[in-house]
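A, B, C and D label the chains in the order they appear, each numbered from 1.
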Amino acid sequence: MSSIGIGLIGTGYMGKCHALAWNAVGPTFGDCPPVRLVHLAEVDRDLAREKANAFGFEKATGSWRDLIADPEVDVISIAAPNAFHPDMAIAALEAGKHVWCEKPMAPKFDDALKMRAAARSAGRAAVLGYNYIQNPMIRQIASFLEHGAIGTVNHIRIEMDEDFMADPEQFFYWKSEASSGYGALDDFAVHPLSLIRMLFGRLASVTTDMAKPYAERPLKAGGKRAVETHDIASVLFRMESGASGVLMANRAAWGRKGRIAIQIFGSAGSITYDQERMNEVEIYRAGGPAAEAGYARILAGPAHPPYDQFIPAPGHGLGFNDLKVIECRHLIAAMAGEPAHVIDFEKGVEIERAVHAMAEAHEKRGWVDIGYD
Amino acid sequence: MSSIGIGLIGTGYMGKCHALAWNAVGPTFGDCPPVRLVHLAEVDRDLAREKANAFGFEKATGSWRDLIADPEVDVISIAAPNAFHPDMAIAALEAGKHVWCEKPMAPKFDDALKMRAAARSAGRAAVLGYNYIQNPMIRQIASFLEHGAIGTVNHIRIEMDEDFMADPEQFFYWKSEASSGYGALDDFAVHPLSLIRMLFGRLASVTTDMAKPYAERPLKAGGKRAVETHDIASVLFRMESGASGVLMANRAAWGRKGRIAIQIFGSAGSITYDQERMNEVEIYRAGGPAAEAGYARILAGPAHPPYDQFIPAPGHGLGFNDLKVIECRHLIAAMAGEPAHVIDFEKGVEIERAVHAMAEAHEKRGWVDIGYD
Amino acid sequence: MSSIGIGLIGTGYMGKCHALAWNAVGPTFGDCPPVRLVHLAEVDRDLAREKANAFGFEKATGSWRDLIADPEVDVISIAAPNAFHPDMAIAALEAGKHVWCEKPMAPKFDDALKMRAAARSAGRAAVLGYNYIQNPMIRQIASFLEHGAIGTVNHIRIEMDEDFMADPEQFFYWKSEASSGYGALDDFAVHPLSLIRMLFGRLASVTTDMAKPYAERPLKAGGKRAVETHDIASVLFRMESGASGVLMANRAAWGRKGRIAIQIFGSAGSITYDQERMNEVEIYRAGGPAAEAGYARILAGPAHPPYDQFIPAPGHGLGFNDLKVIECRHLIAAMAGEPAHVIDFEKGVEIERAVHAMAEAHEKRGWVDIGYD
Amino acid sequence: MSSIGIGLIGTGYMGKCHALAWNAVGPTFGDCPPVRLVHLAEVDRDLAREKANAFGFEKATGSWRDLIADPEVDVISIAAPNAFHPDMAIAALEAGKHVWCEKPMAPKFDDALKMRAAARSAGRAAVLGYNYIQNPMIRQIASFLEHGAIGTVNHIRIEMDEDFMADPEQFFYWKSEASSGYGALDDFAVHPLSLIRMLFGRLASVTTDMAKPYAERPLKAGGKRAVETHDIASVLFRMESGASGVLMANRAAWGRKGRIAIQIFGSAGSITYDQERMNEVEIYRAGGPAAEAGYARILAGPAHPPYDQFIPAPGHGLGFNDLKVIECRHLIAAMAGEPAHVIDFEKGVEIERAVHAMAEAHEKRGWVDIGYD
């Protein structure tokens, strides 16, 4: 590939994050084909033009279908609202574009299946924006697991907590509507699910309890409205490997800002991690004198690639946005048919399947086996 | 009460802990009736004599029934193996003695009920050794909750993890036999249950997954034997208050030594605690400028009674054994008919009930309501 | 300014860091004039061309003086070895360019004075690369201090430790030669000095003890050579404000990777910070009930500008390289004559003065007053 | 020794702490001669009687000389105000009693020398109450150092901070009077000095800066009075071993409650410790893959004797008062002429000498060599 032409749909939080990644990936890694920021789409042409200027894109449009039709565009970043993901991704793939689509894949499971089918037919890279898996410290955990540093994993606990829904006085908005999904489960428990998928393989069965911390929320116009989604989800699970585990998600957790806390227990040690301190991982290894045994706290450094592409000195710290740059580099690898560490639409469907099984288990008040096709 | 005559049955870990507490309670608090260490029972007379000397007891016996018959004994510390708790406690109560019995109450639920009945008839103090509830920092959490510092509690997570069963090469011994109980659930999840009981009230319903990290363990004589108990237990629960929660226990958790990690989420804040740092508690309070919001880490000090009875300066730290001294002071209060912060046989039966319901839920693969009488 | 033409000299660690910042500053902040990456200089033309391609620069040259002469270049990033800083900065300023020069300013104090004189004459922005002062959490500390959150500061401790010189078996190289400077003091204690300058004002007097953990180091060719610089420096100081303090630097501190630990004590509270956890700051405020007093640990978020320009959600974390992007934005402000939070050549000279006074105090084994002009 | 007869002078904080230790030492260790609590002295007979009852002593007196004369008393705990230490200790030693004297030894250096002379003549155990050296985790540090776990120590930092003098509105009282001593230096920097002495040997030379955070303090009667002591002391030092270091003490450090933070840097690793988390120690060892290197956090457990005499399970935590029980056991060993880990009057004089040299260095504004006799 002589150069890569980029199209970007959407310029909110994630759209900006994509734009930053596309700007940084070349200078950071130094081994990519030249990246051309070709075409940017927003809901109207003026906003598109403004953002194109800010983000360094050449062309701007008020219609995302213009990107699909643009022969200079090789890959499309989809950072529009979730409901648009299926149409955009399928159209892009059918037009022979590669796709970098923000998570979650699609509100409806059927649509996720259609997206996967389109990716299979197109033979193009179809990658989801699960950026937490790109953290070099998460890769270090994977390396520990592969090399048996803690033996056979038998138990996993993973928590994801933020507090953007914690205030009971916050007005009712779309995140409390049933049409937005289940709540914490699909809103952000998909992130821990992406980590589980990459570190431990596939879930086998689950049982779930979802809860509403607040039965109703105030309306701006006065009065109250019943909350339809669950801000809290707790799941017991079994992996295909036989390991047991607990997944916990709470988007009404006062004080938690970006917590994704992982505890992994194995036959020869254990590992802990917290996304709020994303440049650290802790490992305890069995063996050795009891008087000297303890968790080793490892700081991110150049020994944890591709940290070294960002900073040559250890302990200086990557940031959240850097993860997106790494993801972008893997996307480029996937486009070139090289091995890439990504959640593609295949694995994406597995995650969606797990989410829906968890919701079903909550309804059923019992265990649900996740069947994979 | 002019003075208190003490009888002690058992001199293992917990027996010694009782002996230390009986020696310390008077000098520490300075407001108790004089304590007389009267009579000590062990499995044989020689060991009893040796330990009586070491612990400062006057008389020694190889038969615990001698203590029951000793008119100089007012209260009996029961620190013998769990299977003996019912006989000893019931005999002591029937003889008009007060009872300080180590947890868990009894291996069989029926026996726990009989113990409770004996306590009700006798009208004597009947207190269980749930010492973690005595930590001044746990009392501080209770104070925060009472005063609404974090609003209404809506979600609770509590983990108890140690690693004494973590080594797969450890020989099979009685803790892996079904006759010893369920495993992590009754072996030590009862401690978090005591904390839940005192901080949040009663559990309403539960669903459970218990797991065996190792299917079998080596025998000293060679060969292997199938493990019958579950070293891991994970429980989703609902409180009578409506709050949801997760209880996790793992006695095969490499690296965890005495972890009891609590997370409490409320409508106006959250609280965290870890027994491995038992002199600290953290609280996040909603409100105030976002730029200044964060968890406050509070160090134990004289403002957290009865820390002040041990040390007048803050930040110097209580130890695990000090909790037993506090428990002992509450027992003395209970004996005098004064208000006491203890898990008595009434609350003890509630905890046992919860444990058995959790085990039932595991078998049933569904939710079980805990019915209280 | 309609657009900004960038020249970059040097493409090592800091050169790359500048390049990444110039690529990111526009998309991140969205309010800058367009940035044009015009001209890149390296030691030879081939390397220059390769790096220009990687970093997105238009022109490449093997002679840095070509940048000085290039009318399309408005500002020059100087990331060449320290010894070149004076010649390059002075030439650039004399040619009417703005200058963004990496720290330290210059190996010789006289040269630093000449650089300052050139900046004064040119009336151009002359900014040093002291990026730690740009951390939003450091700015939050400044905000706390300004608003009296901890009262009047009376004592300061600041430590900077890394371990790149910790291995006694590491071969002798230029950092152990006297010609490289004093050692830890000017090699990296200048970073804490930049923080002290921005947070507390100017140092008044100092006394110093510099130490060599290893008297000699092995030579690659065999044998050993005496170490001429000091990897450890410890300084007692007084501020012009009257506050006392301690500055400690150790580049042979095994286990420390990027530690810059700050403790600030005031009449109404205290603040702590550690660069290894650069997204956190802790504050203790006097007052309130003793039972509830503790350090609040604040996580970086959008309430700490310009974090919000990078990520709209709190607790997700900035990285080290992001600080350079913020510095770049302030440089652009300085170029436009707007208020800018930077260490310019004026403050840079103050820092150099402090470094040399500290070294003098070590020689003298006594206190040295830092005289400012 | 068939049994030990105890005399106690003083029942404030430290007197109570001694009483608790004397009550606990036998039951805890199980290998001591029987301990008899014989005689207690307080300023008046009534208080003495009351405290004797509370602490379990047989006899009570209003005159401490009665203890000296009591043939049933073998050892005297001196927990009276510092000014009385010399008279009491010397009288006790001359009467052939062993002495357990609280720190600091004596306000005047001459008196410390006389105490040492008395101890030498008497040939009795003469032990000072430097309890922090008894922490099993401090002993573990000593073990690491002895076994070369971090190679040769080349740099040490030690901080001791509390906040009992932090409030500027606190009324003037004796701790601000010159007659009480230097301030932070002798009031509590002696604790870190005891740790330095036991872990690293003797100090060789020092330079000091003492500071007053508040020039004056309010008087109860109205008005203000100039503060005569220094609440802050900062010291640069060199050890006889050649290692350099920094000692910092601040008793006006808001938020610090019992902090004694130690950092030890060696040629093969480093160790950190904080008394506020007294059951933890961290060690970093050089070597091994960079990707796996980090500080190991070790929790206190039975592998750190004599923790095992208190609790058989790891991670459960000792408390501050337990350290006094350990100290008491070492005192008993010293009385029996067995090896004992204590600061006796010999080492006590070395510590006093260091304190006075530090104060002299502050006056002199330069370095002072500590000469030992």
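Here is the rule we use: a residue touches a chain if its C-beta (ideal position, glycine included) is under 8 Å from a C-beta of that chain, and two chains touch if they have at least 3 such contacts.
None of the values given here were measured: they were computed from a predicted structure.
Chemist: Count the C-beta contact pairs for A-C and for A-D, then tell me which is higher.
Modeler: If we tally the contacting C-beta pairs, A-C comes out ahead.
Chemist: How many angstrom lie between the CA centroids of subunit A and subunit D, rounded to a whole number?
Modeler: 54
Chemist: Where the CA atoms of subunit C average out and where those of subunit D average out, how many Å apart are those spots?
Modeler: Those two chain centres are 41 Å apart.
Chemist: Centroid from C-alpha atoms only, then distance subunit A to subunit C, rounded to Å. What do you get?
Modeler: Roughly 34 Å separates the two chain centres.
Chemist: Which positions in subunit A are in touch with at least two other chains?
Modeler: 256, 293-295, 299, 301, 314
Chemist: Is the chain-to-chain touch network here best called a line, a ring, a star, complete, or other?
Modeler: Topology of touching chains reads as complete, every chain touching all others.
Chemist: Touching residues of subunit B toward subunit C in the complex: what are they?
Modeler: On the subunit B side, the touching residues are 140, 143, 149, 282-283, 289-299, 301-304, 314.
Chemist: Touching subunit B in the complex: which residues of subunit D?
Modeler: Against subunit B, the touching part of subunit D is residues 13, 16, 19-20, 23-24, 26-28, 30, 34, 53-56, 162, 164, 256-259, 276-279, 299, 301, 310-322.
Chemist: What does subunit D use to touch subunit C in their complex?
Modeler: 150-151, 154-155, 157, 159, 166-168, 207-209, 211, 213-214, 232, 234, 236, 238, 244-246, 248, 250, 252-256, 265-270, 284, 286, 293-295, 365-367
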